[in-house]
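Okay, so chain A shows up in both of these, paired with chain B first and chain C after.
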Partner chain A sequence: MSAGTQKIPVIVTAKVPLNELVTRFEFQHAEGGSLPPFSGGAHTVVEMQDGDKTRLNPYSLMSDPMDPSHYAISVRRDDQGRGGSVFMHDKVQVGDRMVISYPVNLFPLDLTAKKHLMFAGGIGITPFLSQIRQLERIAGRFELHYSVRSAALASYAEELTTRHRAHVHVYHDDQDERIALADLLRGQPPGTHVYICGPRGMIDWVRETAADLGWPDAAVHYEEFLAPQSGKPFDVQLAASGKTVTVGEHESLLEAIERAGVDAPYMCRGGACGQCETRVIRHDGTLLHNDHWLEDDEHASGEKIMPCVSRFEGKTLVLDR
Partner chain B sequence: MSRFTFPPSIPSRPVYGTLAPREAAQHLMVADAEGAEALLDLAAAAPEIMAKAHVIYIPRNAGEALVEKLRATGPDILHVSPSYLASVPRLRRVLSDTVMGAQVYLAGTEGLIGQAMNEALQAGIPLAAIQTEHRGSVARRVQCVHCKGITEDVMTDPFVCSHCGLNLFVRDHYSRRLAAFQGVCIDAEDPGEVPEPVELYK
Partner chain C sequence: MTIQFNDETFRDDYTFRNSDWAIKRFPFPFHEDSYMYSVNMEQHRGGPEGSVFEKRFDVDEHYISEMRDRAIVLAEDPLRCQSLPHMTLAGWDLLELIMVSKSEDYPDLFELHRNGDKWRWINKPLGIDDTFTFMDDASLPYGPMEYITRQAQGDFAVLDQRENNLWMDAGMVTTQADWSLDFDIGMNFFEWHAPVPRAHEMGVFKRALKFLLNIQQGSPARRLNWTMTVNPLLDTSPENYHKWGVQKTSLMPENIGRKQHLRVELQTFYRLPRSNALVFPIRCYLIALDDLVTVPKWGRRLHRVIRDLPEDLATYKGFIRNRPMILDYLSQYDDGKPTSPGIWPDLETEPPLEK
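Presenting the complex of A and B:
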């Protein structure tokens, strides 16, 4: 049994298009009653029955953490992706039954902080929506800097600026507005913690700038879900279960292991949490590491792999699973 | 020689390092007595940081010579204070006015380091931005667990509580909140049976 894989049956109660890319989905418990409370920044893994294929995609919960009546997620359509977001946009309708996981939080607020300084890029806004709800309750001090492509694609920007006019700043790429990052990071009172959710480039930019200005790592938090990369099909032997399975071009190693009927551990399915770490018994070829859980020397050792996002090219791969 | 290597002890006992210069827009340095020598070493390793340094120094018994040496390193501000307590209002003000990214350096006796560390953490300075180096006296700040009174500069074990007069055994058990070691009555069961006091770390 994987942590966070306890399941909740839900019914889709709303499907609200926000703009040409992003749609919000709301869920209520299928048997009525309350959903578990969560903490701001938590995500749920949504199961999608797409024909004979089961997709499991993580999405940040963006509703009020203390409101057990419903959950909400926002899904950005990615036509170049592996199909999960397109399935949500095209196939899922109000009234559908779905299964989601209990909430898991890999991006919590540090409540010892005296101030929360948030940087969001695009759809990376979603965990901050629940974090801000949480902070409203405890009168937590925060400041959100939200970078968007254009006003038309600025999901929830209007709602946020209306509720928190003094604390939310929106930057539009198409108007050449840029976050004055170094100036911002230079002027923060002691006890400020930084949170980043957005594209890889933004996360690296903020982390590096903060480090250059003397910010300790412990005060800088970030979340990035990696989607599994497609790649050439390959065979994998599962030594512990005595099975061999072929990983398809658009399938992740973890998905192939699950398809073979092996109950492998997982949590985030995005290369971040470390739950699915698997020992490589033998390999003749190249491990294609895509996670940001293992250290560089572990990647180089060839002894471990994160099957949720990483792949293999070569002759034989034998895993302890 | 102002350096002393503490023998290994229980996990609650603080350990100290050696101050190393770090990149930062602001440096806050607090030292007492021979702790100034650690700041002088720091300034020798990275003279350029002193122009961005606010130094609070409590000379205690170390004399004026170290004050003049500190001044010669060219700190942005050098404040010489007659006691740690007298420096606290300034320390709090400087901490509240500082920014994330600032580096804090604490050097000298355990009492000074522990109390200034507390102020820095309460102000929100991350632990990773605070460095410490022990120099000089190995005297301890000890809290009597019975009357809660704190005795500064305890040099012997056991010692007499300066508040309630009990004979106290000095433990390595340390409170970060109080910045003090724990002193426990040594003759509670046999009043008057008090071992001969020995100097700490002799």
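Presenting the complex of A and C:
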């Protein structure tokens, strides 16, 4: 399977600022008609034409999975980031044509669960919005614990608490409200599954607490899209295609490979799916692994790299691509 | 073209036959003169016109008779169709996939009219015209998976995806090559593949699973698998081994060309949208050796493949005892000439048999 991920041409039909950081975008099919249905927790990769640069960023779909008339995503502005979110906020307007990928789900509900216990931090709320829609249809049992910086930045908290008063709990950092995590985890009925989406620190905290309390890994699900890190430029030789490219400071290795005209596989572009795994033929230097995919021993072996998020420092890097 | 449906049986008197059309489009599974397990997967994005790869769900002259055979199997053994409770959503996904694909690919045979969630489905070959409410289980005579797979050729395994694995949590399995849904239900990818020789050690299953977990909506994949079956039996299940296993001893030099069939499975893989499950349709095609050798390239190649197949594979596939007799027959159709690469018959370009 290669970069031939199925694409969908869309029109931006709404751009709704929610607060000073987060804006919602809605898309409809550019040729009219339906968009593919999807499953709660799925994301789409949005292509942005920023001058001569193509940016591809994954965003969770937050609209109703059963409603094929439109998709919605929410984008948090990150002025320190590599520019994708700023492009969405500043450049994209209602009526623009864009291209997005077919939905892909790396954070699905486990439909065998008796209850779904959800932990969201900040913009990590978005996949839960579509999951909750899905659970509403099948009368699935859920409970959401949503941690936000302040009431002003609590995207969608009001809609959620209005619709599901008994099942949604919002915690405000600026009022020192904290999730009583260990107690919560202890009080769950058998067959409960835990889902976490938010900053790295929150994911680690919930996973570690659950593990300490004896929760099996298989009942703890999380999603964290890693943004590719910027770093020092470096050269890479692509052995299979006989090309050499320089990876720029703010460019990912995958983006540089694509810029060289080499068709490289990818799916999530966030170090989670494993699709971009590439064999390292030779290297003289340090591989800077940033992915969730490879095992520790694979990282240590120096034989594989995930070019969507990982980088290199040193003299020579030769990849089988 | 319009399809002329056969009236035939896959049991008792075995009136199953392939027309010339069906022989020429048979999915011959060997692209070279030898065979070994591999991660032989490619995208399922159509294929040459008229080939079994062209449509998403191939419909051919055996359609009506195969569906009749499935109904007989289900009447005797309802456990051939099972769906664990969390798989109902996947069943609706599958129903939609098949109805949409068939009505688009064969508009003269199937029609789907959708008005919101009120759907009308017309299946002309089987004489069905049903109106129902999408996602309302009570509006169909069977569960959604059973309803639609009683109208679709081939077996269907519906796999739930969790814990970085696939779980056989639903299926319709009446035309299988000696494996049992009732035994495999609830198992994961490595568990149900446990009986297969060599492939685990070769790393085939680990890589295949990685590939499958990443199959995306809108990007289906496919592969071919094969075995040998005596008599054109669709239902070669462990449950009925006592009925068909003994038939393997009925093979004689006089009847082998008619009785011995090459059995090929066109296996496809689709991500299902709402459930994130994976569906694995396994479509079975049978061809008698007498018919197969009418294509000189296939006769030459099948002889070489069967001759050189490692013993453990021939044992697993269940024809080790009959292999000498099969080779005696096939050797008449191998003149030692080279064969062209690829699976296609190449009737115009390949030399006729010189023997």
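Going forward, the second predicted complex is superposed on the first by the 317 of 321 C-alpha atoms of A that agree within 3 Å, B and C clash if a C-alpha of one lies under 4 Å from a C-alpha of the other, contacts with A are read in each partner's own complex, and residues count from 1 in each chain.
The criterion applied here is as follows: a residue touches a chain if its C-beta (ideal position, glycine included) is under 8 Å from a C-beta of that chain, and two chains touch if they have at least 3 such contacts.
Just so it is clear, the model here is predicted, and its values are computed rather than measured.
Trainee: More residues of chain A in touch with chain C or with chain B?
Mentor: C
Trainee: According to the stated criteria, A:G214 is in contact with first (chain B), second (chain C), both, or neither; which is it?
Mentor: First partner only, chain B.
Trainee: For A:P65, using the defined touch cut-off, is the partner it touches chain B, chain C, both, or neither? Pick first, second, both or neither.
Mentor: second
Trainee: Under the stated touch criterion, which partner chain does A:G274 make contact with: chain B (first), chain C (second), both, or neither?
Mentor: Second partner only.
Trainee: With both complexes superposed on chain A, which partner does A:P189 reach: first (chain B), second (chain C), both or neither?
Mentor: The answer is first: A:P189 touches chain B but not chain C.
Trainee: By the touch definition at the top of the document, which applies to A:K114: first (chain B), second (chain C), both, or neither?
Mentor: In the superposed model, A:K114 contacts chain B only, not chain C.
Trainee: Both chain B and chain C contact which residues of chain A?
Mentor: On chain A, the overlap between the chain B and chain C contacts is residues 218.
Trainee: Would you tell me which residues of chain A are touching chain B in their complex?
Mentor: Going by the criterion above, the answer is residues 113-114, 185-192, 210, 212-219.
Trainee: For the complex, which residues does chain A have touching chain C?
Mentor: Per the stated touch rule, the residues are 1, 4-6, 36-39, 42, 65-66, 102-105, 108, 110-112, 134, 137-138, 218, 267, 273-275.
Trainee: Note which residues of chain B are touching chain A in the complex, please.
Mentor: Answer in residue numbers: 22-25, 95-96, 98-103, 123-129.
Trainee: Which of the residues in chain C come into contact with chain A in the complex?
Mentor: Touching chain A from chain C are residues 43, 86-87, 89, 135, 160-163, 210-211, 214-219, 221, 273-276.
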